[in-house]
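Next, two complexes with subunit A in common: one pairs it with subunit B, the other with subunit C.
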Partner chain A sequence: MRLKKVTSLPPQAERVWQVAIHPTLPLIATASSDKTARIISLQTYDPLSTIEGGHKRSIRSVAWKPGLTGESVLCTGSFDATIGIWRRYEHDLDVRNSQEGDEEEEEWRFALVLDGHESEVKSVAWSAGGNFLATCSRDKTVWIWEEIDEDNFETLEVMQEHTQDVKCVAWHPEEVLLASSSYDNTIRLYREGSEDWVCCSLLEGHTATVWTIEFEKPTSPGYREEWGARLASCSDDLSIKVWTRISRSGSAAEAKKAPPSILRGESIEENWVETSTLPQVHTRAIYKVSWSSKSGRIVSCASDGRIVVYEEIASVDTEMAERDEKKPPMTGWKVVAEIEGAHGVFEVNCVQWSKRWDKDAKGENDEVIVSCGDDGVVSVWELEDA
Partner chain B sequence: MSAILSADDLNDFISPGVACIKPIETLPAAPDQLPSNSYEVVREDKAPPTDLPPAQISLTDCLACSGCVTSAEAVLVSLQSHNEVLANLNAHPEKLFIALMSPQSKASLATAYGVSADVAGHMIERLLCSPEGICREGRGFDFVLDTNATREVAVRFAAEEVVTAMHGGRDGVHGRKMPILASACPGFVCYLESTQPALIPHLSRLKSPQAILGTAVKSLLYKDVKDGVNGIYVVGVMPCFDKKLEGARGELTSGAWMEGNEEAVRDVDCVITTRELISLAQARGVDFATLPQSTPLLSSSNTTSTLLQTLKSPTKSSTTKANPTPGTSDGYLTHIANHILTLYPTSTLRIEPGRNSDTIDYVISTPEKTIARLSRCYGFRNIQNLVRRLKPAKTRALPRFGKAITLQRKPLAAAAVRQAGGKSDAEYTYVEVMACPGGCTNGGGQVRYDDEIIASGLGAGTQKEWLGKVDEAYYSSTEDEENGEEGGVPQEEWVERFVEEWENRTGISKDKLLFTGYRKVENDLGGRLKEVSVVELASKDGGGW
Partner chain C sequence: MDGKNANPTILNASDLPTRRQVQRKKVASPLTSGLVPAYAQDPFASHKVEFSDSDESEDDSVVEPIDEQEIYDLIATIADPEHPLTLGELAVVNLQHIKVIDDPSAIISNVLVELTPTINHCSLATVIGLGVRVRLEQALPPRFRLDVRIREGTHATGEQVNKQLNDKERVASALENETLMGVVGKMLETCK
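Up next, the complex of A and B:
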């Protein structure tokens, strides 16, 4: 297989940190150093609107709130230590193609700013149902917010387990389980205890900054009911690892029986083990992994300018299964496609799988990869059989 | 804040001096005469001295700068430690040494050593003042005083302050803004002063129990002591590290109440934590567990000690009697609520639990209307919500958001609904704010559940279980007092008498003795750094983007 470029959009003024794909609509949001977030159509690959004027420094991260109809809500996390919430009604989305695109830009309404972080916000993420918003920052904290009524957010918890800059937060696709990764080389998982959010697992294994983490989707072909969603992580140590949960010492239901607590320390621990290390292709820091919900493939991008696609080798490690049936199998992965210089000489900051919406889409399961880089360009790639 | 910053967090040390102005200020001036001849070889004996004296940074400097708020903690730990106390005991045996004990510290030690809080109090007195304790190896303390006495003063005047402000309207006397926020937690005070200066007008002007007792001791005794205020050394034993910050405040010195041009001396010279008290005992080779559990008999013949009896006067705490849940932080909320209830005979109290056990609302209303809404707010996450809601609406939703501002119909409507219906936070009358989740018994300076000093069999599996025991000891202490002491005067009456006598003896008004002020902590350098070199800082400190 090989990666073939579908298109590249005209560059933004400065580097693009991240792209986020709308959960239901054919939209991409970008996060850029030029202090804006741009909304791009996945049908025509035209820029639709620009969100600007809200942040004093780079927008580092964007996230679409899931579970909404008739309205889109975008969260922006910025190096100015604040988080912005933006809203737009989507009822006239269908009109977009026929009507003038300029007025579209007026549609984004700034709803509110969330402050509290002491320094640069590095990542923002909505929980699966959109109930909770997680944010993390160079101030070493992970915050959980809840929108208690429209445009009124409360801080549910401030977690300070990481000893360094927290790079990424990601929610489990079904459970109320949050993961964070950090410059301290670790990944931490958090759950809601009887009253507080508690760190329920610490994943150690990477030997350098863990840049991003992403959970497997239940629709992915490699998903196995008995183990639940796995977690992929990528790091400055040039490795990509897959982690699987092997046990939970206490369920949330059990924790609820405990007397109300004012402190952390409920025992809702989980045990996660490393079950795969992907083949090493990248030669510099790996910035992003994305796990396809359709094909189960993983795509990665890195400081070395490469984009690499991996596929899980279906065979189960029988030896392991014999020894202990309760252990998840170690699985192998192979490289199925890679491209060098995806963004010229520039670093590739983010890659993301997306459903294919354009005119060449071959059915519901057709996919593209959206990438962005220090050149300010957003590119779209397809995986074709060589 | 202790919840966030405790001694355990010292690895949190943001490279000291990134924004610290002090080393720059104390850098010696460069030598004037540059070598006139550029070919001249600098001989070793003429080379600029490389052994410059190390920059001295005091805690007051850190409070003034806040360039590295988190590392200020590290500095204060070293500047106000049990070693500092011992050094002063050894160096100045002629001084009068007085320790101020917080009830939370007693509860913590009581739990660790398996005794009642009152017995723990006796043991502490033995430790500090008697030959069984630290006196066997040198100078010890002359007196141990409870901050319980001044806690009663504090809650009494806190209630008065709130009621006055209620009658003075929203922006009434002294330009007070409602709600009034408790100022007894130095962690919260520091947080507001350095990061939320717009909310400073909300802070209660009342001193904390520690500060009141420190002022009382020095102002009542200095005339009878050789060297005046300099002849008295007051040590606070407190549940949290941030009390050290309070002790070092420029506002809490003799300069605030004493006439004349003498150099101002701190009202509380040094603050150590509960745990550091045990370190102090160990440093003098005393095993706290083996100390006698009965009240020590102190020779109380001189005038100084009779004066101090005023402060040791037993008090009955109406706060704890009237309400079973005064909280672990001196019971401001419940006392104020009770006070307001007595002012409005037809009023009733409704308690509304909050989202978590660290937040709760007390609503006082008559059949006609709501009179006051008081709240408890412990811990950083709840403080964040409080602070966010108290900020003016326009800073919450930034104006001038480019094109986005033109279409704000819906958010505005939502805001209007919020203001019209239900509990807008502007309606709050008083909030008992404490930085630590669980309140003061859970201070960062307390004995933790896994501490080695805890007597065998008394430990707990988790900090949560441990804290439950400490809270029990804390509450039981006040009960014992009610039953045990003979012929105590009612608390309100005692407070009135005490303050009156205090004013009479010192000739100073209670405004100067009981109240204090706050100021925005400026950090120009920090501001500039944020603008200019945050990129460099980011790459140094957090490992880049």
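Up next, the complex of A and C:
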């Protein structure tokens, strides 16, 4: 297979740090060091609007709130230590029939600013149902926020478990479980206890800053109900790892149906183990991994300017499986496509899988990879058979 | 500031390795024109989506490989934040501790600069490292990846300093810090 470029948007004035794919509509949001967030159409790849004026420094992270209809809500995380919440009403957009430029674009409204972090915000993430917002910062903390009514957010918890900058936060797709990764080389997981949120797991294994973590999606082919969604991580140590939870009391499927472990009188702690290290391709810090909800493939991007796509090899760890049914199997991965110089000579900051919405989309399950880099460019890639 | 650095070893400026500086297309300094990295102000940036060495209108540094001596010439004249001397004169920067890999057939090139602080607990090691980074980021074409490190064994918290100096987000946000950039700006005033 090979990665083929579908298109590149005209460059923005400054580096683009991140892209975020809308949960339901054909839209991308970008975060840039020019203090703006921009909205781009995934149908036509045209730039649609620019969100500005809310932040005094670079916008580092953007995230769309899931679970909404008739409205879009975007969260922006900035180096100015604040978080912005932006709203826009969406018309009854019939995405199949809409034509370029014939709708009146509703304006983005700057709904509110969330203060609290003491230094640069690095990552923002909404929980799967949209109930919670997690944010993290160079100030070593992870904050959990809840929107109690419109434009009114409450801080539920400030977690100070990491010993250094927290680079990324990510929520589990089904359970109320939050992951964070840090400059301190570790990954931490958090759950809501009876009174407070607590750190329920510490994942050690990386030997340098962990830039990104992302959970597997339940719709991906490699997902196993008995182990639940796995976690992928990427690091300055040039490795990408996959972590799986060892179920302490029965399968993950049972755990979902049972009352919270805290009521059953059990410890809230859980054990996660490394079940894969992906083949090493990148030669410099790996900034991002993204896990496809359709094909189960993982895509990564790095300072070395490469974008790499990996696929899981069916595990043949039968010896392990017989010996200990509760231990998840080790799995192997192989590289299926790789491209150097994806953004010319510049670093690639982010890659994300997305459903394909453009005119060349081959059905509902077709996907593309969206990338962005220090050249200020957002590019779109397809995987084709070589 | 720090009285313990009162008697550093000083080299004679005329003894330092150098050669006539190649005339390089000068991009506007981010320190005076808003904190935008040099590449974003490069008028050719919008055309550089694909790497190409056949475009004759580009700066000749794209075609001519850059070597260790050129890197040295760029950073040896940076002023030390404490002493009225340059990093070259103080032997903080040394030609033999610079390594360049600039293969014209590869897309990206690498520069490794190892710094030797004047004393092993120099509290300004991070600022000096940042100054070297800023200078090289402004002066070199974007195909260069920089690794600026404190030479092993020369600093008590060298590994911690190295981690900061080579973390992209930390460096990016330091470049947006006016106070810090004021200090770095003064250090770069002496550069030729």
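The rule is simple: the second predicted complex is superposed on the first by the 349 of 386 C-alpha atoms of A that agree within 3 Å, B and C clash if a C-alpha of one lies under 4 Å from a C-alpha of the other, contacts with A are read in each partner's own complex, and residues count from 1 in each chain.
Here is the rule we go by: contacts are C-beta pairs under 8 Å (C-beta built on N, C-alpha and C of every residue); 3 or more make two chains touch, one makes a residue touch a chain.
Please read these numbers as outputs of a predicted model, since none were measured by experiment.
In the overlay built on the shared chain, the residue A:209 is in contact with subunit B and with subunit C. In the superposition on chain A, contact is made by A:11 with subunit C only, not with subunit B.
In the overlay built on the shared chain, the residue A:374 is in contact with subunit C alone; subunit B does not reach it. When both complexes are overlaid on chain A, the residue A:277 reaches neither subunit B nor subunit C.
Touch criterion met: A:60 reaches subunit B and subunit C at once. In the superposed model, A:138 makes contact with both subunit B and subunit C. In the superposition on chain A, A:183 makes contact with both subunit B and subunit C. In the overlay built on the shared chain, the residue A:52 is in contact with subunit B alone; subunit C does not reach it. In the superposition on chain A, A:43 contacts neither subunit B nor subunit C.
The residues of subunit A shared by its contacts with subunit B and with subunit C are 60, 79, 120, 122, 138, 165, 183, 209. Remark: subunit C residues 36-37, 39-40, 45-46, 48-51, 107-108, 141-143, 145, 163, 167-170, 172-173, 176 touch subunit A in the complex.
Contact residues on subunit A toward subunit C in their complex (touch as defined above): 8, 10-11, 13-15, 33, 57-58, 60, 79, 120, 122, 138, 165, 167, 183, 208-209, 236, 284-285, 287, 303-305, 340-341, 343-347, 374-377. On the side of subunit A, the complex with subunit B involves touching residues 17, 51-54, 60, 79, 86-87, 105-116, 119-120, 122, 138, 140, 149-158, 160, 163-165, 183, 195-196, 209, 260-266. Residues of subunit B touching subunit A in their complex: 4, 11-12, 355-358, 378-382, 384-385, 388, 396-398, 400-408, 410-411, 414-415, 418, 437-438, 442, 462-464, 467, 534, 538, 541-543, 545.
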